[in-house]
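A, B and C label the chains in the order they appear, each numbered from 1.
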Amino acid sequence: MDQLIGYFLYFCSLLAVGGIYSLIALGLNVQWGFAGLFNVGIAGFVSIGAYTYALLTTDTSPLHYGGLGLPLAVGIVAAMIASGLISAIIGVICIRLRSDYLAIATIGIAEIIKLVLKNNSEITNGPRGINKIPRLWENFTEERFYNDWPMSWFASAETWQSIFSSLPRWWWQPCFALSIIIAVYVVYKLLEKLRLSPWGRMMTAIRENEPAAHAAGKNVTGRRIEAFILGSMIMGLAGAVLAMHLRLIEPTNTFDPSKLTFLVWVMLIAGGSGNNRGAILGSFLIWVIWSASEIVINVGIDVIGDFTNIHVGILSTRAGYLRMLLIGLLLQYILQKYPLGILPESRPTASSKT
Amino acid sequence: MRKSIYSCIAALAVVSGANADVKVGNPMAMTGPIPDLVAPMALAVDLAEKHINEQGGMFASGEEYVIVRADSMCDPVASVDAVTKLINVSGVVGLVGPVCSGATIAQAESVAIPAGVVTLSVSASAPAISNMETGTDLMFRTAASDAYQGVALAELALANGLTDLSVSYANDDYNAGLAEVFAEHYAANGGKIHLNEAHEPNKASYRSEVATLGANTENLALFAYYGSGGITLMRNAMETAAFSTFLGADGMLAQEVIDQLGAENLGQATFTTSTSDESTHGYAMWKALATVAGLNPLGPFVPNSYDATFMMALAVEHAGSADRDLIATSLRAIANAPGEIILPGEWAKAKKILAAGGDIHYNGGSGPQDFDANGDVAGDFSASVVQDGAWVGKIIK
Amino acid sequence: MWESFGFEFVNFYFIPGLVLGCIYALGAIGITLTFGILRFANFAHGEVMMTGAYVTWTIMAITGALFGWALHPLIAAIPSIFLMILVFFVVDRFFYKPFRKAPTIKVVMASFGMMLVIRSLVQILWGPNQITFVRGIAKPNGFIRELTGSLDMMILVPNKHFLIMAGTVVIVILLGYLLTSTRIGKAMRAVSDSPDLALVTGIDVEVVIRATWIVGGACAVAAGVFLAMDIQMLETTMGFRMLLPMFAAAILGGIGKPYGAVLGGLVIGLAEELSSYPWIGDSPLLSPGYKSGVAFSIMIVMLIVRPSGLFKGRTF
């Protein structure tokens, strides 16, 4: 029974992290799929969202700016606004750049964001990061939340304590995962609406044939910046949720571009770029492959270690790199064999045929 | 269809392993900035596992004590990932590890503490760990906090007549924290710090930093990992003879440093690390075991790794079953007085006492390992210098 | 000027900046050629540098073990260059060529993927730990020190830095000759400046592409070996760390302009090292924690102010 609960909780964590990646991919899809912007600085926007959320919702600490202890919802909204603001500044500066230039510029900007977060220790606690970040649902069990409004409106502290001690220890995990899935669904629905709206159709026109759109009098640059900001706001949301999931964020490894940025691009391309459903599918697919491949490789190593004389230790240190290698090759394969991704974009056509 | 269901179940069984054994998770930074330091620690963990299984295994039924290793990469995100799988998929009863402080804090707050699983870190030394828990008692470590090492290093510097120096620290969680404790204590006790600057790890050249830091002093306090820029910085410093004396902590205490820079150039380098008091019985016992197994008994955190693994097994044995909720109390019971003294390797003896309902008090190779209210232990530190091509440490009293 | 700064400035800031700049410059040459002729940012370039250094070391180790030779890295680099050019051809044929006519994003994504594939391969084959390339500490060259000392100056340059700078000069001269005086060089410049016109005049683009990989590959391996000589060790992340400053150098100099790349590399290398100089007072001008940001900032400023770079290269 315990083993089954363990598998169930692992499944919940897969859902949670897959959901976070889905949010990032949806945000990237707005920038890439809608507006054709090659943003490789994803890690930067996610980290802004994460840090904003963390700084606003954590308790007082001598190590970093904090102690505002604001409600989680405020923290999340603030994360989105912060990401949006920074991306607005960057967008105005960089939006005219063509694809590879924009790629390089956004990588550089993400690096600078990371350095700023790392070096301003009074505010962010530098490389040591911010911990004890409140996690949705789990935070209800923390004293500073149930002692305060709004929870104290419903019941006293003792009542809450007895409620929580009667629940199984892991009760919040499926709730958390479910909340993320709901968030993904809501964002997806909104983006689909957007895609089919006049704004969305104009974005498609700009992406497909920019000179024509220009000639038709559309403000191409303005629309692009809008798409950039919207995508970044969604990434900021994802960053806040990531901070909740990890409960400790720090600038060096948490937002590692080769895991965050690269993996999300693989997810988008694999799932179907320009396609919201594809973004979600690609995220879950690639994340499950990534996470489960470690288990598979470890089992494989044990098997090899049993049958040959190669020391298991040497094999396991190389195992992580094997995963990277396989994901890299997978990307090449998908790029060549499934250029449109697994779920190609379905465009609304003018005629009545589907 | 049925066949694939059976093979799925079989796969699950393979993955989860047979149920008749006690699994303990061991997230270690096998890859990352300090692989050479971690490798002997992992061997020490395996050694403890071997001793336990050779001397009767767990419980009366003689179940196997299985260490399930995962790579936490000294990285918070990777450790959360790895520990999630250890706890949920492998079903471990407790954690021995991780190695790095950032990884330890992240996985504890994100996964282990919410799941009610004990973390017994082998080497995480961040001062922040002491007070990180509110309301739970699940965080333990067999290594002393840097709050002490920073102080010990500052006092060593002053005792060695270094009245002024510059500090350079790698901008990562471990080294930044240690540098801060050091600088504070050193300055408070009359030392003069000319410059105290961070440096980014993993750069190709630190020549300009070195030149600026060394403009007014001959002495450098360097806090870095050897594998992510520490060696390069020392090399740059030596090339230009900017500094004559180097001081630092365990991130630099690796044979790799001697291999790359050359023993002849390291005459004035002293690095501290946590160590064992060689005059104790626990250490003598450990030394014998380590020598037989071909391990360096004074390798940084190597005895701590053995002790943590052994103590986790003792705790499970004391608890009587692989029940996560009982481990914390049992861990305190076996580690602290009162009880009959148990030394490293004495598994069969301990098992007999516990089976008869008695109490034990483990004294390890790395120290008495008595947990205080925060789950911390006191520790000794040594200062190492290069002798005959290897680091040789002398305990600081 | 030197008198007021004293020779610390020259020895500990300026020359190291030049050396770093030379390494950036060589790498940037390959990047700017690829950018100009093949029209995409090759993210795998840093990994080729790194692999070239690893292969060089392996050749040195094998010949040392088998024949007892102690090859100098620059000699062992030559077979390494051939090997890496071959690797470039294979990668191009299987992973980049399918995307010649496709939107740029595809081939850039493919190069991202190749970056990880190559790096992972090296990590699997050689292991993730550092490898010592040259043991010990390099002391300043005695001859130069005495020569300048007798002239009332004091230049301290270890041999390795001297070799790196001299090597870079030689390569740049050779490159210049190639591009101005040979048919293939002129064809390369034509394709880079105006691909349509080049096609019209009958230049075989595939031949030019192959030439690009050859020249780029040789420069990349040289850069990798010089870097390994400077830091005296091999690490699997050393290529990637150099990549963004090299992109910055290529953009600074102007895409498709090799001389621009060289100048760009030198400027960025100098800027990085000089940013830690205590220009004002005793502390470094810029906290060394931000040193990595110098290259990126220069690049972003360039992209905004003058995307065509100093030498007026291509803009897209």
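Quick notes on this structure:
Quick note on the criterion: a contact is a pair of C-beta atoms (placed from the backbone, for glycine too) under 8 Å apart; a residue touches a chain by one contact, two chains touch by 3 or more.
Nothing here was measured: the structure is a model prediction, and the numbers come from that model.
Shared contact partners of chain A and chain B are C. Placing every chain at the mean of its C-alpha atoms, the farthest one from chain B is found to be C. Averaged C-alpha coordinates put the centre of chain A at 34 Å from the centre of chain C. Inter-chain centre distance (chain B to chain C, centres taken as mean C-alpha positions): 39 Å. Of all residues in chain A, those that touch two or more other chains are 115, 118-119, 317.
Under the contact definition stated at the top, the residues of chain B that touch 2 or more other chains are 31, 35, 171, 198, 200. Across the assembly, chain C contributes residues 128, 287, 289, 292 that each touch 2 or more other chains.
Partner chain A is touched in their complex by these residues of chain B: 12, 14-16, 19, 30-31, 35, 39, 42, 69, 71, 73, 75-78, 80-82, 84-85, 87-89, 91, 102, 105-106, 109-110, 114-116, 126, 128, 132, 134-135, 171-173, 176-177, 198, 200. For chain C in complex with chain B, the touching residues are 8, 11-13, 16-17, 19-20, 23, 128-130, 132, 135-140, 156, 158, 227, 230-233, 235, 237-238, 241-242, 272-278, 282-284, 287-289, 291-292. Across the complex, chain B is touched by residues 2-3, 6-7, 9-10, 13, 63, 115, 118-119, 121, 126-129, 131-132, 138, 143, 169-170, 172-173, 245-250, 252-254, 256, 259, 291, 294-295, 299, 313, 316-317, 319-320 of chain A. Listed in rising order, the residues of chain B touching chain C in the complex are 31, 35-36, 171, 194-195, 197-200, 202-212, 215-216, 227, 231-232, 235, 238-240, 242, 256, 259-262, 265. On chain A, the positions that touch chain C within their shared complex are 38, 93-94, 97-101, 103-105, 107-109, 111-112, 115, 118-119, 258, 262, 265-266, 269, 314, 317-318, 321-322, 324-325, 327-329, 331-332, 335-336, 339.
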